[in-house]
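Shared between the two complexes below is chain A, which pairs with chain B and chain C, respectively.
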Partner chain A sequence: MWVNMGPQHPMTHGLWNLRVRIEGEIIKDVEPELGFLHRGIEKISEDRHYNEIITLMDRTCYVAGLAWEHLFILAAEQALHITPPERSEYIRVLASELQRIASHMMWYAAFVQDLGLMSPFLYGMRDRDLVLDLFQSFTGGRLTYEYMRVGGVRNDLPLGFTGQCRRVLDWLIDRFVEYDHLCLASTIFHERCDGLGVLPAPEAVAYGVTGPMLRSAGSHRDLRKDRPYSVYDRLQFDVATATSADVTGRYLVRMEEMRQSVRISRQCLDWLDDHPGPVLAAQLPRWLGAPYAPVGNESYLLKRNYPTGLGFSMIEEPHGEAGAYVVNDGGEHPYRVKFRSPVLINVWAAKRYLPGYRVADIPPIMGSVDVCVGECDR
Partner chain B sequence: MAGTAERPPAPPAVAEEKPFLWVARPLATAAKQFVKSLWRPSTVVYPFERLEDPKFRGQVGVASGKPIGVGEIWDNYRGVHALNINTCISCNLCAFSCPDVCIEMVNVPGGDPRHPKKCPQIDYGKCSFCGFCSDACPEGCLTMTTRYELSVHKREEMVYSPARMFEIFKSKLPMNPIRLERPKNEDQILLDPPICIGCNACARDCPTQCITMLDIPKPTPKPGEKMAKRIWKEPVINDSDCVRCGTCIAVCPKDCLFWGTRQ
Partner chain C sequence: MVTLFSVSNTLSAALLGALAHILPTPLNGWATSSGVVTGLAALIFGAILLAASMLNTILLIWWERKLLGRFMDRRGAMHVGYAGLLQNFADGLKLFRKDTVRPGQADPLGFWLSPTAYMVTSLLIFGVLPISTGWNGGSLPLTLLLALVIFSFAPLFIFLGAWASNNKYSLIGGMRSAAQMIAYEVPILLAVVAVVIVAGSFDLTTIVQEQRDYWFAVPLFLALIVFLTGMLAEMERIPFDLPEAEAELVEGWNTEYGGMLFAFFMLADYLRALVGSILVVLLFLGGWTLPSYVPSVLTSFPLAGIVWFMVKTYIVFGIFVWIRASLPRIRTDQLLKLGWMRMVPLALLSIVLATLVVKAGCPPVLHCVPPMGG
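For the complex of A and B:
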């Protein structure tokens, strides 16, 4: 019997449908249906200036906006042959790591609610708010940040930000212990999560599954180490892994990743304290600068003869490995933009890690995948 | 590809040996938070209290359980726009910079009849609050305030006229203190002299009146040569006043103005 879980279902966390073939209580086959949230972001990007695409990136993944901004900016800078100042690189890494904490916190809140635990949900949302307050202090937005620009970031960190940020990080480190007390110390949690949704590493690699789902299977694949972008090669951190490849393993990986993010953020803050400087590249094409005036007559671009280029970037986004490909044909808009969404692959692998379990196991398993439909459908 | 129905042996839970602990530890954590929240709540009773209230500024934010002050960082929030009609120069840069094309330049009283004054009218049904318009505004007259309540009864009420945004400006809400600096390598507007016909369109429509038409010497035609039909004037642009809005390029009938760097 085929059962639709979604598009409106508490399990789905967004607008998607999971069709499940069941025999009694046992899942025999699943078929994810995606595309309800398709907004054509790749196509819209072809009609926008490079900086205006950043407004779309915040909406691509609405819990990890800054990470996706970082992804696009890296590809766009490569395509446009722009080198950002070093300080802006550190600010971006700091923002990405704070975003990872916020995203994992959101995942934690949603995941434990799938298990039926209400108090940890409130804790996760409360502590995520502190990170959002930090974002607001330097970007001006709580969900849609529009902070990074091609060639740097919009503005420098405000006065006293590093002190505030350290206080928040100290506060958060204590909260992670509380989370473990609420979940990991409880046998009920283990009864619910251990051995569920097992996806061994070779099969995860074959499916293209990345991120915490892959690392929970014992893999050490992390783009921040394997293919360092920005300034990650100058920062010390460990890759969080687990061996059980199940829901509990993903929980452990994400919790450890948050701790590592705090560690990276502290190193960035130390560096930023000591190295003031500009945050936006001095030499930018005019249409990437502050005033977004019309280019005017067509002959402008011909006269400037701006070089063409290709840009490709991959980052370790909170959900997995995201990729962006930008083709610059010398115009003010990109010729083509393509994104690689980690969640899309992670959800499609459900065909492998769901069958064999019971219907009641679907919420914990799919909750541990950390589905973000906005990024999945784009 | 049938799934693994057989479960691997579960790792021993932290407190499996001590059944008392796995009940007591979550309970103790929750109880601690509950007691804390009695005099340090993490929430704001929204319709009655607002984050922009003076009492949430500074130290009260810390005392309310949040380790950072809520009020200190509230000023650069990107909310509803405020428009100072008096300093707006109708340069159109906000409308050009809008990624969602939600800004329309509409007439406001105050201009002269031949060249009416135009100010931005914003459709908040489309606005994405990215702040590009206030970044682009050369005069600082279009800014974003901390106002965030936008619910309306009718769709038409979402369109904020310049007069309505002027009302918000007059209410003196905190406005975004971080202003974007203009890049140092900005291009200038250059002239291709042989094409220019001296028609005065650029000088007429320049919002900052930074273009003056100067006389150029009329060449004496050689016998048999046909003289170009034109007015013997050329625009000269005062770069320090120019806001780089591109209006002159848009109105030029001969496309003789263009962006470039003066050598």
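For the complex of A and C:
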């Protein structure tokens, strides 16, 4: 019997459809159907100024907007041959790591809700709000930030931000212990999660699965270590891994990643306290500095005499490895933009890690994948 | 002594007496005849029971929402009425105004019958549950058995409605409900047998009276645990709410029900939760009695038995809410395993303990609860 789980279904956490063929309660086959949220972000990007694409990046993954902004500006800066000031790189890393915490908390809340745990859902959302308050204080936004700029970030951190941020991080570190008590200490949690959705490392690599799903299988692949971008090579942190390759393993990896993110954020805050300076590159092309210039067909004709270039960046986004490819043909708009979404690959591998388990196992397994349909469909 | 039946009898006699003044001669004699008075008394009796059980059910929903809110670090319903007391009435009114939609392919008879029968059987149990001395529908020798039999009708109607809905989620939910029933009914009955052995009766009033020396929760702690767990499954609450596991089955067996039909299911669910809590209080926590060392001020006011009974019931339900707030949902196969491999042996063990208690008397060490007042 084929059962549609989605596109309007509590399991999906977004608009996508998982078609499941079941015999009794056993899953025989699955077929993810994606594309319900396709907005053509790559195509729209070809029609926009570089800084205007940052607005789209917030919408690409609506729980990890800053991480995707980070991804795009890294590629764009490479394509446009712009070097951002050092201070802005630290702010970007700080923002990305806070975003990772917020995203993982959103995942935690949704995941425990799938297991039927109601209270931790609200605890996760409550504590995520503190991180969102931090975002609000330095970007002005809580969901769509539009904060990073090609050549730096829009504005410096507000006065007293570092102290407030440290207080929030201290609070969060204590909450992670509480989260673990609510889940790992529960026998039912282990019965529901141990040995579920197993995806061994070699197969994960073959499918192209990345991020916490890959690291939960014992792999140490983390772009922040393997291919450091921004200032990650100057920061101390450990790669979170687990060996079980199942739902519990992914839970452990994400919880440890949040702790490591707190560690990285603290180092960034210390550096930022000691090194004031500019946060936006001084020598930017004039048209780049005016992001709200009229966009119309005539602007296609206004080709600047600016060096062409290609830009490629890969970052460790909260869901996995995201990639961006930007072709600069010397115009105001990029000639072509391409994104690699980790969630798309992670979801497609469901054909491998879902069959054989039960219908009741679908929510925890898919919950442990951390699906964000926005970046999946783009 | 004021009993529920004396109250309704007095009301009935007063009403019919007033009516007899207006009616012409041959009719007024008939109106005040004992048969008519008793008949109307029975109707009033039923109306009071219905109103009381519905009111308590709605209060129970409020109690759950407030408790759950506090467990989750929020406040629960706050805006309609004092502390949100009227929120559920507002919700009920909203559902009442909604259209009830039957899917085109659904079987009409099963679709309409299921919520009605579910509701009616849940309400029926209140007729046999004693709330205090004399506050019950009638003294049958097998009240407990009757209550449990009516109680376990529900999965049948759930399955009927689920099948009639012609929806895959509903069907899976209904199947799970049927499988679940097999897993928990046996341990529940075995745990009840332990109580019956110690009390020596199937009559709930007698069972409460037998707890005058010690609450059965003390010597039959094991049976209490089994019974509580089984009741959780019987009520289909987290961690045993697999038939309506909203994560994978949308709303389980009542996916296709909306409007007042959904309200019926919802109300009946809470009616059953109320019955479950009441049964725990009756069987293990001394019913409407209180320990004798409690100052008599607390037990001598009118209807003290009912008040304390309700307090205990709400506390027991609070424990269910607490469990709901802190445990994840388990899987069907794990529930079956739990039912057959853990709960049945424990229930059998508690029967052995019960026979020991009867044979040797409750060991003095267990007399931690002082003798109860009547």
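Basically, the second predicted complex is superposed on the first by the 363 of 378 C-alpha atoms of A that agree within 3 Å, B and C clash if a C-alpha of one lies under 4 Å from a C-alpha of the other, contacts with A are read in each partner's own complex, and residues count from 1 in each chain.
Following the convention adopted for this analysis, a residue touches a chain if its C-beta (ideal position, glycine included) is under 8 Å from a C-beta of that chain, and two chains touch if they have at least 3 such contacts.
Everything numeric here is computed off the predicted structure, so don't read it as measured data.
Peer 1: Figure out whether A:Phe339 sits in contact with chain B (first) or chain C (second), or with both, or with neither.
Peer 2: It touches nothing on chain B or chain C.
Peer 1: Considering only the touch criterion stated at the top, classify A:Trp68 as touching first (chain B), second (chain C), both, or neither.
Peer 2: Neither: A:Trp68 stays clear of chain B and chain C.
Peer 1: Looking at the overlay, what does A:Ser186 touch: chain B (first), chain C (second), both, or neither?
Peer 2: Both partners, chain B and chain C.
Peer 1: Let me test your reading of the model: by the given contact rule, A:Phe176 touches which partner, first (chain B), second (chain C), both or neither?
Peer 2: It touches nothing on chain B or chain C.
Peer 1: If you tally the residues of chain A touched by each partner, is the higher count for chain B or for chain C?
Peer 2: More residues of chain A are touched by B.
Peer 1: Check the residue A:Arg352 against both partner chains and state whether it touches chain B (first), chain C (second), both, or neither.
Peer 2: first
Peer 1: Please work out whether A:Pro363 is in contact with chain B alone, chain C alone, both, or neither, and reply first, second, both or neither.
Peer 2: Touch status of A:Pro363: second partner only.
Peer 1: Look at A:Gln164 in the shared chain and tell me whether it touches chain B only, chain C only, both, or neither; answer first, second, both or neither.
Peer 2: The answer is first: A:Gln164 touches chain B but not chain C.
Peer 1: Quick one: classify A:Met1 as touching chain B (first), chain C (second), both or neither.
Peer 2: Only chain C; A:Met1 stays clear of chain B.
Peer 1: For A:Tyr123, is the partner it touches chain B (first), chain C (second), both, or none of the two (neither)?
Peer 2: In the superposition, A:Tyr123 touches chain B and chain C alike.
Peer 1: Could you tell me which stretches of chain A are touched by chain B in one complex and by chain C in the other?
Peer 2: Residues 119, 123, 126, 182, 186, 188-189, 191, which sit in both footprints.
Peer 1: Mind listing the chain A positions that touch chain B in their complex?
Peer 2: 26-27, 48-49, 51-52, 54-55, 119, 123, 126, 129-130, 133-134, 136-138, 140-141, 144, 146, 154-155, 158, 160, 164, 167-168, 170-171, 178, 181-182, 184-191, 194-195, 198, 244, 246, 248, 280, 282-284, 286, 289-297, 299-300, 303-304, 351-357
Peer 1: Give every residue of chain C touching chain A within the complex, in rising order.
Peer 2: 68, 71-74, 168-169, 172, 238-239, 241-242, 245-250, 324-334
Peer 1: Tell me, which parts of chain B touch chain A in their complex?
Peer 2: 1-5, 7-8, 10-11, 13-16, 19, 21-22, 25-26, 28-30, 33, 42, 66-70, 72-74, 76-78, 93, 96-97, 99-100, 128-132, 135-136, 138, 144, 176, 178, 180-187, 243-246, 249-250, 255, 257-260
Peer 1: So in the complex, which bits of chain A are touching chain C?
Peer 2: Contacts found on chain A: 1, 3, 5, 9-11, 25, 112-119, 121-123, 126, 182, 186, 188-189, 191-192, 358-363.
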